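We just call them A, B, C and D in the order they show up, numbering each chain from 1.
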Amino acid sequence: MRLSNQINDQLLARAREAASRHGCTMSIAVCDAGGHLLQFCRMDGAFAGSADIAMRKANCAAMFNAPSHAIGDIVRNHTLTGFELSNGGLMLFGGGLPICIDGELVGAIGVSGGSAEQDIEVARDALEGLV
Amino acid sequence: MRLSNQINDQLLARAREAASRHGCTMSIAVCDAGGHLLQFCRMDGAFAGSADIAMRKANCAAMFNAPSHAIGDIVRNHTLTGFELSNGGLMLFGGGLPICIDGELVGAIGVSGGSAEQDIEVARDALEGLV
Amino acid sequence: MRLSNQINDQLLARAREAASRHGCTMSIAVCDAGGHLLQFCRMDGAFAGSADIAMRKANCAAMFNAPSHAIGDIVRNHTLTGFELSNGGLMLFGGGLPICIDGELVGAIGVSGGSAEQDIEVARDALEGLV
Amino acid sequence: MRLSNQINDQLLARAREAASRHGCTMSIAVCDAGGHLLQFCRMDGAFAGSADIAMRKANCAAMFNAPSHAIGDIVRNHTLTGFELSNGGLMLFGGGLPICIDGELVGAIGVSGGSAEQDIEVARDALEGLV
């Protein structure tokens, strides 16, 4: 299984709608299981700096098949000093979620632009129905 | 003037159609005038490596307000050794085009996945009607 | 609207005067809304290392349209581990301020060389009358 | 001997005048003997991408106490493969000149925005009277 443009178009559309419901303008990135970008949208008015962060959150979730905030909790609880420097620079906070289909990692979504909690919710809303 | 999601959605849709007409699967990136990513699509089947190239072509065209192949011609004709190492790493071949509205640089498009000539044509097709 | 050499010459002159009033020698950077350098001055006696920091503070303020110390507060209060690794490496402490004209982000100023508080004051003094 | 703000203000003013005489808008960087930025100006209308190139040309001239085009000639004539990858990425073409006072390297100037020949001329014009 792989993420297709058909799926990703829907993921981005749902994420944009969810962000608007939260009153936020966000950057949303979808990457493959290798962390390489598949589709991306920076919404009108979102900070330029949110683009890089969304892509890094997606990469983080793909590289470890786990939510970026969950990896962050492990890293902080176990004082895994320097962990964030690996893999090109990881964002170890909320907004990155792995995407699994039939139990297999196929990619990840990364959202940036709101609070970490809002970013997580938008990422979850985008994946709803899919996973 | 700025590029909006409304414009960029159309640019990506037109680029995807144009790529399909060429029988190619491509990565298409749209960035703002500062080279920061606005929207992106890697088509089903396009090489993972084409994502980074498309983004760098767009950045190149934005940084110098010129087609990436035209900058490449200058760099090669004048043996500007090392030029490609500037600005985070430039792609100095066909597929990056600046986007101007009312004579002002507002961003750029970068296309990768076919031959350089095909990439240029798809980028041009995407911008047709806009500029 | 864009920052012009006329404006930036004044910003740098005011920042240099303000730094001198604080008895400090500083680096001052002004960048555009995309974070790309417009003008820069390292004052006689300022640390060589302050140059890079001033440029990164300006980039940080431009990328998020907010003071670098305000972004830093959010990052520390919410434990956004790794945030500083995004966008080429961010300086998340005082001295970077966005520059808005008619409500639009046009660039940012970054100051380094004194305490974070002094850097903020010098940046504010430089922008006084402009924004 | 060191480059001072008094000298650098004059260097930048002369470079801006010289660029205008050439009908060009350029980026001009002055660095110290360690290649660290001292002063910089991107003229109104100069490409965003010229900023990084001007700084790298100055760094190149400072690192080897020679004009960037002369180092480029040596690198190309002797096939010094990969040389441009050293020192953070070197620009091995015209526009970077070392600055010596009383026979001692004190820094360098880097100019970008015109042709390599124009960039060299503007750098020379800026240094005239100084060295």
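Keep this in mind: contacts are C-beta pairs under 8 Å (C-beta built on N, C-alpha and C of every residue); 3 or more make two chains touch, one makes a residue touch a chain.
Note that the structure is a prediction, hence the values are computed from the model and not measured.
The angle needed to superpose chain B on chain D by their Cα atoms is 95 degrees, rounded to the nearest 5. Under half of the residue numbers at the interface between copies chain A and chain C are found on both sides, making the touching surfaces mostly different. Work out the mean CA point of chain A and of chain C, and you get 30 Å between them.
Mean C-alpha positions place chain A and chain B at a centre distance of 24 Å. For the pair chain A and chain D, the distance between C-alpha centroids works out to 42 Å.
Along chain A, residues 48, 52 each make contact with two or more other chains.
Chain contacts in this assembly follow no simple pattern; the graph is neither a line, a ring, a star nor complete.
Interfaces, counted as pairs of touching chains, are A-B, A-C, B-C, B-D, C-D. Contact residues of chain B toward chain D in the complex are 33-35, 60, 62-65, 78-83, 85-87, 90.
Chain B makes touch with chain A in their complex at residues 2, 4-5, 8, 16, 32, 34, 36-44, 48-49, 51-52, 55.
Chain D contributes residues 47-50, 52-53, 56, 72, 75-76, 84-85, 89-93, 115-116 to its touches with chain B in the complex. Those residues of chain B whose C-beta lies close enough to touch chain C in the complex are 32-36.
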